[in-house]
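Structures for review follow.
Next come two complexes built around chain A: one with chain B, the other with chain C.
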Partner chain A sequence: MKPQFQTIAVYQDEVATFDYSEDVTSTVWTPLSSKPYVRGEVPKSRWNRELEEMFNELTSLPRGWDGYGGKPLSFDCAQFAAAVVERLFISSLDAPQLVPVSDGSVRLEWHQNQYDIEIDIEGPYEVQAYRRNLRSGYEEEIEIETDFTALAEWINDLSEVDQVPQAVGN
Partner chain B sequence: MNRPAHLPDFLDPPLDEVVLGVQFSPIQDYSSVFAGNVHSLFQSEYPMVAEQPLLERRFETFGGGNVQAGPRIQVGQPPIGSRLWFLSQDENHLLQFQADMFLSNWRRRPNTQQYPRFEGLSEAFERNLRQLEDFFRDSFEAKIEVNQAEVSYINVIPVDGFADAEARLEVWNGGKIDVESVNLSFSEIIRDKDGKPFARLLHQVTSVYTMDGKERALRLSLSFKGKPQNDTIGEAMDFLGRGREAIVLRFKEVTTSKAHKAWGIIE
Partner chain C sequence: MAVVPYDDTAIENDDTVIRRVSQYHIVTDKNGAEPRRRLSSSAFNKSEGPRAGMSIDLENLMFEDQVNPREFVITPVFTGAVSFCAGNARDLDLMIGREPIMDDPNQPDNPYHGEVWRKEEARKFTNSQSKGLQRSAKWYDPLDGVDNC
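Here is the complex of A and B:
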């Protein structure tokens, strides 16, 4: 018979847990007991820390919040939006504005450095993004499921501060 | 379903646990009051029940500069409810259910039950998942819309000391260090034929001990996660099949030929 090792398993999403039992044997591997456990802290980006309260407010909106039967931001959508925010994070840029949409989805918006960027998170893996360059008037739209590479480039462009030539004095 | 001929095979692999799972859009109108009905679907094979904390939802996304992104992010009100474990009598098989996830685990236990191989697990998982969908359709006029799937293989590889890891793992060279513990993880992006990323394969090696602390082992976990092509159960099963293939091929690559011989590789 093979020896039984202390293993965490059951689901890969579960972080290693700490068992308070004195014999310090298994971790999650105590199937029928319900011992307390501690989850590891996972750091969030500054954007998500700043937006956390707003996400909470939007998911708690009352039905009809817009006077027309608007739904609160769905939990599903909010979690995916937070994952997108985390992936797009650039430390030199401010967090996006969160705008609730009446169907329970959410929009992320930036309006700065001569760009408008609007990202509609309609649900998990259902993302429509729009960008307008205010200097040239050029508009672009992309649809995204899982790969945010193109959108990250937009955000990178947004973070590049205009290099306005300095007037040379006499 | 037959095992693909090109996959490496072993007579005595160090496999300890296999997990197949899907995450889906929460079913409208489902609440904990229906948990007993869900258990009754599987009760004949999984008579024992245990309650566990909810698993948090995960979404695999790609691109962007924040490559460390991906850990759990919880927003909004804390989710209500619990995750249920349905255990087989021998405890080798486990189903896990919560309102937006369904998982199936095979676990090595101190008994003589043989590993039923991926083909057997996969067929049973699909059958159970379709049974759950039938229940949702009959009770709530809802279907399961899969948005993420996962397959994981967890291996437990006994070693005399953790410095011996290099005799088992190609990805480890401890030199002359008297290694006390190991915690190594890395991930790779899996792309489709057009180069589009669709899944992530996570490799993790950690040191583990037997209950009495006398024996040591390396826990090698390979986990394939991502979004199936569409939200149907059929596509989710295809995704799991691709994941299994990627894991088994990688398992052979990240372990040494010396270890392969010890596990009885079938040439």
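Here is the complex of A and C:
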């Protein structure tokens, strides 16, 4: 079976110019201010394999899909969202839910383990994220351009809650 | 040409505002005793552009024209719809005004169309505003098996 490969930006100051295609075996990146070079490939995570069909569906939505003038998910937003999904992947967690937004962006959502996490991918390197801890009621919001460390910690917290033994009732 | 955002005082706080929602706005929420399907708060956000707003339909205008709102809002694209009061939006520091759509190549004509706008230019509503609208909203034409929030 042909492996599913995609390329991922290692340097966050690059602009993606690759095709999001399973037929790609090598990809030439064109960074903003240097010579083109070839990236290596990495396998897609389970999350992105599961979400590929939905990404395709959302980028193919007709104009007005929301009952008004809603735009389909833009390709650059979809590509960046897929890269974020890859960056955040944890094998013990379900893939995020993808929710299109009328302006052509997309949101990644998890609602489980007493957390709500909502990540708005507004465009490449334009991310706003929200988290609420339902046990404590604590809410927080962050804006992210290139450093996804905090988001990775959020997802890690989400996965760790699953491993907390349930208290036995009396 | 898009209307400059404004707050229409002819739209009273008790007036019903309708917001169409799509199956794509549904998420599964596993917090709670049982998993449930509900609307994402992303259904309550504005369109692209710093001065764009969130599209709505104004129920009173349809009644004045003897148009059935429930039939009007689910055509031509089948969607569900929720409603809230104009005052709910104003309580969130938002404005509501009419913006009839005529001769737009991207949308069918809609003389009952309005917008909910932020008072300042911004890319999106704040989280508080989106979630506030979500909490205020009730089903007007429900999507089967889906909670409104």
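Simple rule for what comes next: the second predicted complex is superposed on the first by the 118 of 170 C-alpha atoms of A that agree within 3 Å, B and C clash if a C-alpha of one lies under 4 Å from a C-alpha of the other, contacts with A are read in each partner's own complex, and residues count from 1 in each chain.
Just so we're on the same page, contacts are C-beta pairs under 8 Å (C-beta built on N, C-alpha and C of every residue); 3 or more make two chains touch, one makes a residue touch a chain.
Everything quoted here is computed from the prediction, not taken from an experiment.
S.K.: Is A:E160 touching the first partner chain B, the second partner chain C, both, or neither of them?
M.R.: Touch partners of A:E160: none, neither chain B nor chain C.
S.K.: Is A:E140 in contact with chain B, with chain C, with both, or with neither (first, second, both, neither)?
M.R.: neither
S.K.: By the touch definition at the top of the document, which applies to A:N56: first (chain B), second (chain C), both, or neither?
M.R.: Touch partner of A:N56: chain B, not chain C.
S.K.: Which partner, chain B or chain C, touches the larger number of chain A residues?
M.R.: For chain A, the partner with the higher number of touched residues is B.
S.K.: Report for A:A78: first if it touches chain B alone, second if chain C alone, otherwise both or neither.
M.R.: first
S.K.: Quick one: classify A:F89 as touching chain B (first), chain C (second), both or neither.
M.R.: The answer is first: A:F89 touches chain B but not chain C.
S.K.: Name the contact category of A:A152: first (chain B only), second (chain C only), both, or neither.
M.R.: Touch partner of A:A152: chain B, not chain C.
S.K.: From the superposed pair, tell me which chain A residues show up as contacts to chain B and also as contacts to chain C.
M.R.: 58
S.K.: In the complex formed with chain A, which residues of chain C make contact?
M.R.: Contacts found on chain C: 20-22, 24-25, 27-31, 40-42, 45-49, 52, 55, 73-74, 77, 79, 81, 104, 106-107, 113, 123-124, 127.
S.K.: Per the contact definition, I'd like the list of chain A residues that touch chain B in the complex.
M.R.: 1-7, 9-14, 16, 23, 25-26, 31-32, 34, 42-45, 48, 52, 55-56, 58-60, 73, 75-76, 78-84, 86-90, 123-125, 145-152, 155-156
S.K.: In the complex of these two chains, what residues of chain B are touching chain A?
M.R.: The contact residues of chain B facing chain A are 16-17, 19, 21, 25-26, 48, 50-51, 55-66, 69-77, 79, 85, 87, 91, 94, 96, 103, 105, 107-108, 110, 147-148, 150, 152, 154, 156, 158, 196-198, 202, 206, 208-211, 215, 217, 219, 221, 223, 225-227.
S.K.: Note which residues of chain A are touching chain C in the complex, please.
M.R.: My answer: residues 58, 61, 63-71, 97, 99-104, 107, 109, 111-116, 118, 120, 122, 128, 130, 134, 141.
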